[in-house]
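Letters A, B, C and D mark the chains in the order given here, with residues in each chain numbered from 1 onward.
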């Protein structure tokens, strides 16, 4: 078990009446337990919360008037991970009904045009978790992590051609290649501690292998077994941390992740926690 | 009320073990009542049926061995339509939580890149059902209905540029323009009688207006109030009539729609039904 | 030396006054000699011919009135080929000024977005003709030749993703990968005899290697040393066999290639010529 | 006549042996006279200059070794402009052979997919210079000038959808819409004084109207009759101010344009020149 304290602080300058929808809160999920949490929004704002029954994502929405706006979410979350060794693939005929749609193409994951190339590249690999690991490794080795090389509308197909992207692009490509060879796959975003600042939300993917969802991080930047899950979705449009309708300027964005010592106490001689405050 | 008898006959030459998933059955929906129906699949096939709880779409799946395969669905469906006159738009802040995601871009509906153009074209129109009608009319007047001009991977953005497509492209563009100006919208496919053969599945769209879903057909080819709904989805990938994993050749596809006289009896002098058999 | 008799017969139904521009005639080129040729166009049409000084392509243009139109070009062409063994690449700094622009991206050859992937795939191969052969072989092995999989606006980037195309798509991808690793490359279209009918125009590419242009055919469908060159261009838009401005329907298209016995006489026992008449 | 002093200062940190090709020099063109000019490149570099016979563009190329590199071009150029009032369009059948290819699609100007939309929007306008003015005005009114909204690989089609771009995108869209309705068009880049700094190269387009090329600036940012022409091309790839093969970092880029008083002397009371120094 890993205990993390995660926090997101967002400040906005709202210029016109604006409707916001956020997906920042740690998910209630079998692999994690929210020990404590609090959400603070500027006073006078009526916050409406709901959980999407399909994905389990927790959203909160509100209307904001012009002026400064603060959103601050903080939680202590225990993450439980299982060791996953070898797992077989599930034949498509045995994919459960409710998982089936994760085989379909989505906005940023055009598995419908990448069937041949995925088959060429990974069709002859032995089915099983090792095949998805090969996909993740190939992405890690072939796609350059380069901030600024993609935008919020960049798709897996474009990333495959340009060979550059950021974490969500890496995850989208992994999802696309999996779906294209008939392995259900979806996006996961969450909090995870990076060796190198700045801290930020992270995007990885999970594939349906051996009757369960297994996480993969093609960026190799963070240990997937310590990720505090926020959202799960078909692709990035389902798990945007913030969606707004109106006119706003984001003036501050700080994501911090504090990983507590797994044994629950500070070892002598060095601090048991590492604090990383993200830049805007 | 309109009573229709609808039927789809599909024949395949299955070349290798194949898993099929179909979405052919009339939906259980407030606006229609299935008076009777039957589904026939080649003997020896174990059919598994399920209804997607999110969309209400009815799917059936099965594994097929090499050889000929027949799927035949037939139903009598009563369609009830309400006259819709004037309806206001729902401010995005009042869009219900479970409808909210229909504002997001999807595989074939890139509303995330068409925000400016949609705003330019329809942003100054008075909000309400008339604005969506203007969108549908603009599509009707500006996009050429031309079979062969698009493929199964064509997107709304491409249709907007090339100004040609088929019914699903018209619907995708309507959905995209609606979402881009913050009106939830989604795809509807179903059975409807066309004046000119061949009969085939039809795709239209519906927008969330005045607290309810309202149907629009930018092709103008069919009366929306008589459509027997099969599927409802974010876009075409959610409502494919057939998805398969394996190797097959479709050897026959016949869609027929028989509109019974709305008064329930044959007028003297001419037959009360119109039969249209679709070509392959 | 190979002697070929080539012919293109085109018939159109001109529906409105139309301006035509054709590029059908064998080029005057160091590697081929036009022994005889004739061009026939429906009577009453004033044909204007010109040769583009940059490419050497021969065009003819005319205005046609409504009614039937016939264009028939026939030529006997001697093709001289040199055996090309090993050739080094030319460093980009030594690429002649007039060849330099063949390093740039064009409409169907987006070498500007494929630099990284081309470098990844072929950047570590030893420079020289063998590297271009590896590109051509990779295309041959990885892209499926599938009529109908592409359109007249399909680009190399799309072919790279979808892994299917026809001869012009194969050539465009070869050109793009060459340019992306700084080897000048361009499209060549011409007449060549195919083992399997129908005969048609063929598209291949040539790369600037060892101070000369060398032909490559990634489809492997035809012997490049026997191609009767019609046109040379940056990509397909420069060498369309026919461009028209108006309203026409093509009612007949026959391309035929007759390869005479290289020794100039009929061997005993079998005919010295092979005739292949192309379908529409 | 307008007399301008133009200057470009470029500094690079060359990290590995690199081949450069620049297109910075004012063109020798009927509408302008280079009164004086000088080109300075870091010592020890052997510069090779040439003029492309097709476009008239002046290029200089050289190899650079690792270390700092300076390129400084300065010229006094007299620009002569004619007043253009009304001009008819040239029917495509009368477009001269050497102009004909400016009707074709190019890398960033996909007129082949925008034929229908261009015809819809401008097909019913009276032919002539006023129709091209309508195209330029429509772009001005419909496309937002927004630095950062496009990249070096953005095409006209994308600009048409996203409704945002910079000067080259505006020009590409103008070219594309013209070609799509059979008006030859091409890109022009040059030096022109902007009211608002920073100064930079400017891109506009010219269309073949009334038997001559006429300049249009859909950004409306600069008077076209005072532009000092550097390059003329099918689209941006033909007129990049700098192309390099190697590894470099640009450390300084200053473009300055000094418009001398057209009467050739300083009016009393205020300076006769306006100096604008461009930022990096």
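Here is the rule we use: a residue touches a chain if its C-beta (ideal position, glycine included) is under 8 Å from a C-beta of that chain, and two chains touch if they have at least 3 such contacts.
Note that the structure is a prediction, hence the values are computed from the model and not measured.
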Approximate Å spacing (C-alpha centroids) for the pair chain A, chain D: 44
Between chain D and chain B, distance of the C-alpha-averaged centres to the nearest whole Å: 48
Euclidean distance of C-alpha centroids - chain A vs chain B, Å: 32
Interface hub residues of chain B, defined as touching at least two other chains: 113
Chain-level touch network, classified as line, ring, star, complete or other: ring
In contact (per the touch rule at the top): chain pairs: A-B, A-C, B-D, C-D
Residues of chain D that touch chain B when the two form their complex: 113-114, 116-117, 120, 142, 144, 157, 160-164
Of all residues in chain D, those that touch chain C in their complex: 19, 21, 48, 50, 52, 54, 59, 61, 63, 91-93, 97-98, 100-101, 104-107, 110, 112-113, 152-153, 182, 237-238, 245
